[in-house]
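The data blocks that follow each hold one structure.
Below are two complexes that have subunit A in common, paired first with subunit B and then with subunit C.
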Partner chain A sequence: MRNTVGILLAGGLSSRFGSPKAFARVDGVYFYEKVYKALDAVCDQVIIVTREELMPLFAKELDLVTDLPDIKGQGPLAGICTAMKLRQAAMYMVLPCDMPYIGPEETNAFRQLAAGTKHVTGVQTPDEKIPLFSLWKGSFAEDLERAINNGNLSVFDFLASLETRWIDASVIHQDQGKFRNINRNTL
Partner chain B sequence: MITVHYFAGIRELTGTATEELSLSGKTVGQLKEELIKKYPSLQESSIQFAVNEEYALPAELLAAGDVVALIPPVSGG
Partner chain C sequence: MARQPLKDQLGRPIRDLRISVTDRCNFRCSYCMPKEVFGDDYAFLPKQELLSFEEIHRLTKVFVSMGVKKIRLTGGEPLMRRGLPELVKKIFSVEGVEDVGLTTNGLFLKQQGPALYEAGLRRLNISLDALDAELFGKLNGRGVSPAPILENIDFAKELGFEIKVNMVVQKGVNEQEILPMAAYFKNKGITLRFIEFMDVGNDNGWSFKKVVTKKEILSLLQSEYILEPVEEDYYGEVAKRYRYSGSDEQVGFITSVSESFCSSCTRARLSSDGKFYTCLFAVKGYDIRELIRSGMDDEELLEAISGVWKGRSDRYSDERTEQTAKSRKKIGMSYIGG
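Up next is the complex of A and B:
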């Protein structure tokens, strides 16, 4: 197996949600802990990209970073770019902290199903593409940095510039509820 | 031993998510034949074989510890 780094995106402003989503709970467990477990099961190491003010809230032993200064606060592409610059790996699995229903079984299935990934493989439900639940073959740090510096912060636009495949969520798990992305505080 | 993983519709045909088979030293093509013997309905499905997370051709040799995934058609785009 190739060296794989998990990138846990926990730097969103959660403005629609009202409080940091990483520290919302499901079944008494923080969202970020759920997502961490899902990544940790299939990655050699997991890096959490978050914001300065949230750093003290995470467990101390975790690998926590904030966006690199020159791309700070530029959305998920900046988070992915930061992680790729700071941790070298042959593969990266990205997962955002607001998908707490994804567990080790789903990340494991996704890893296997993403065989043959040229650049990036993402997940799609019948309703939407989920570009932030994705597997990246190698580092795209330089391309990401260029896009960010040019003001192109759209994840979809970036993926459109690469060879991106989409795997149907139903192949990973029949229950589409697993792929719910918790944007609003309605739990 | 090799470990074989099944997903989605294929899992419904096999009735199991994963199994261990003593097929090290055999090829992916031979594995496919074995699996079709065991689960005849696999024959009709267009499946891809991946070995250790890379697509594998029928001639590829399996080694002990390999992880094989039978991949149903997945969307491109």
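Up next is the complex of A and C:
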């Protein structure tokens, strides 16, 4: 069993954004490449959960999967569930492709700070909680599947059913801009 | 700009300048920046109100010409200020600066330590009040365990920094951590300094009852170790130091409450928005930022700042009572940087 698997969520519809966010660029680099690097720095392996039609666009050597058929298209919980089912690990770090300013420094600090939490650690800024920048202790695939099958697709609701701890973004990096989640194509 | 040595009303020269570079911090320690006061919606100073690096550089030159030799960078948490290594370089470029130190909670040393070392910084004081994970998480108000701090201390030591660890001791809160902390840092060859809990600001619920005095800490340490006093290194040294017998390892005590050191206090303080304070327990600061931004030249600044030092007569800790601790409207610790 691998120690830590990184789950890169790149399957969103990007409807507010207008084009697939994974392939938007910052400093000439694709969002997904930035996020991949951040996860790769602290994980033994990174798995990218995306959609069928985007698969050909990613670099060939990457570990790409799509949602498992039973839970297809059911949002981020389905992506996390899929990755946990397909890749066994003691720990999972989740990051969405629309947080391209998170780098290896931040994932490193986050992993260090999240040690000791029972189930899930998420990040919070003064403005919002960011459940998709999170560290999961062990696989919650079965619980996730159950929630999805019951139609409970809210990440917050799911985390509320576990022991979740929120870490203040300011202890990870002094620049809160790092935690920006890019929803709109205004770069 | 060399002048006659400047002395205040009580004959004390100015030697040290503590510069607060930001009023922000990522911790919420109850004795400095309690969560109840500094919540998520607390309005910290906007950037344009902070002294710029250029302004700090200019003021450093003026202070050095008055007699300052040592600079300490504080906050808030100074590593929250963007580009800090650049400021360190600027300060080192001032002729007459003999020493620059930085006081930090240590959380961002992994990220910023190398650049700070590169910039010339060699001395770090790292605040850590407990080794117990749950207690430390509670004390810092962010649930951060001591593990990352300890890791960063090792990391900084490997980079070549000279490190001291500062522990604020509060009765009934973390006094049980005194011996474990002493053992841990003795073993690491790092000087640990015990700071008596002080009534800085008005937010920390201070009273004499919450103070663990140097005498009490020392006698606790003496139950385990043989300690011998060490001579002071220089005039105005704040810490009273002891050596573990038969070793080079030391502990220090900052005894602002039980053995005040006002009579040899050579320290001035500059807040992040450019107020000049002549005492940690001051009520009022002198707005130097306004002077500098009004277009004063260096000579005029020197005249104005020297005037303030000459008029200085503060000796708050000599005169402290429960009454002054409560009634005096003092500036906040996170604002003035300790």
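Operating definition for what follows: the second predicted complex is superposed on the first by the 185 of 187 C-alpha atoms of A that agree within 3 Å, B and C clash if a C-alpha of one lies under 4 Å from a C-alpha of the other, contacts with A are read in each partner's own complex, and residues count from 1 in each chain.
Definition applied: a residue touches a chain if its C-beta (ideal position, glycine included) is under 8 Å from a C-beta of that chain, and two chains touch if they have at least 3 such contacts.
Computed from a prediction, not measured in an experiment: that's the story for all the values here.
In this superposed model built on subunit A, subunit B and subunit C take up the same space, so to speak, and clash. Using the contact criterion defined above for the overlaid structures, shared-chain residue A:P126 touches subunit C, although it does not reach subunit B. Contact with both subunit B and subunit C is seen for A:Q112 once the two complexes are overlaid on the shared chain. In the superposition on chain A, A:R165 contacts both subunit B and subunit C. Judged by the touch definition given at the top, the superposed model places A:D175 against subunit C, while subunit B stays out of reach. Looking at subunit A, you'll find residues 109, 112-113, 115-116, 165, 167-168, 170-171, 174 touch subunit B in one structure and subunit C in the other.
Subunit C contributes residues 24, 26-27, 40-41, 77, 79-82, 107-108, 110-111, 133, 142-145, 147-148, 151 to its touches with subunit A in the complex.
Contacts from subunit A toward subunit C in the complex involve residues 105, 108-109, 112-113, 115-116, 126, 165, 167-168, 170-171, 173-175.
On the subunit A side of its complex with subunit B, the touching residues are 1-2, 109, 111-116, 124, 164-168, 170-172, 174. Only residues 5, 7-8, 48, 50, 52-55, 67, 69, 71-72, 74-77 of subunit B touch subunit A when the two sit together in their complex.
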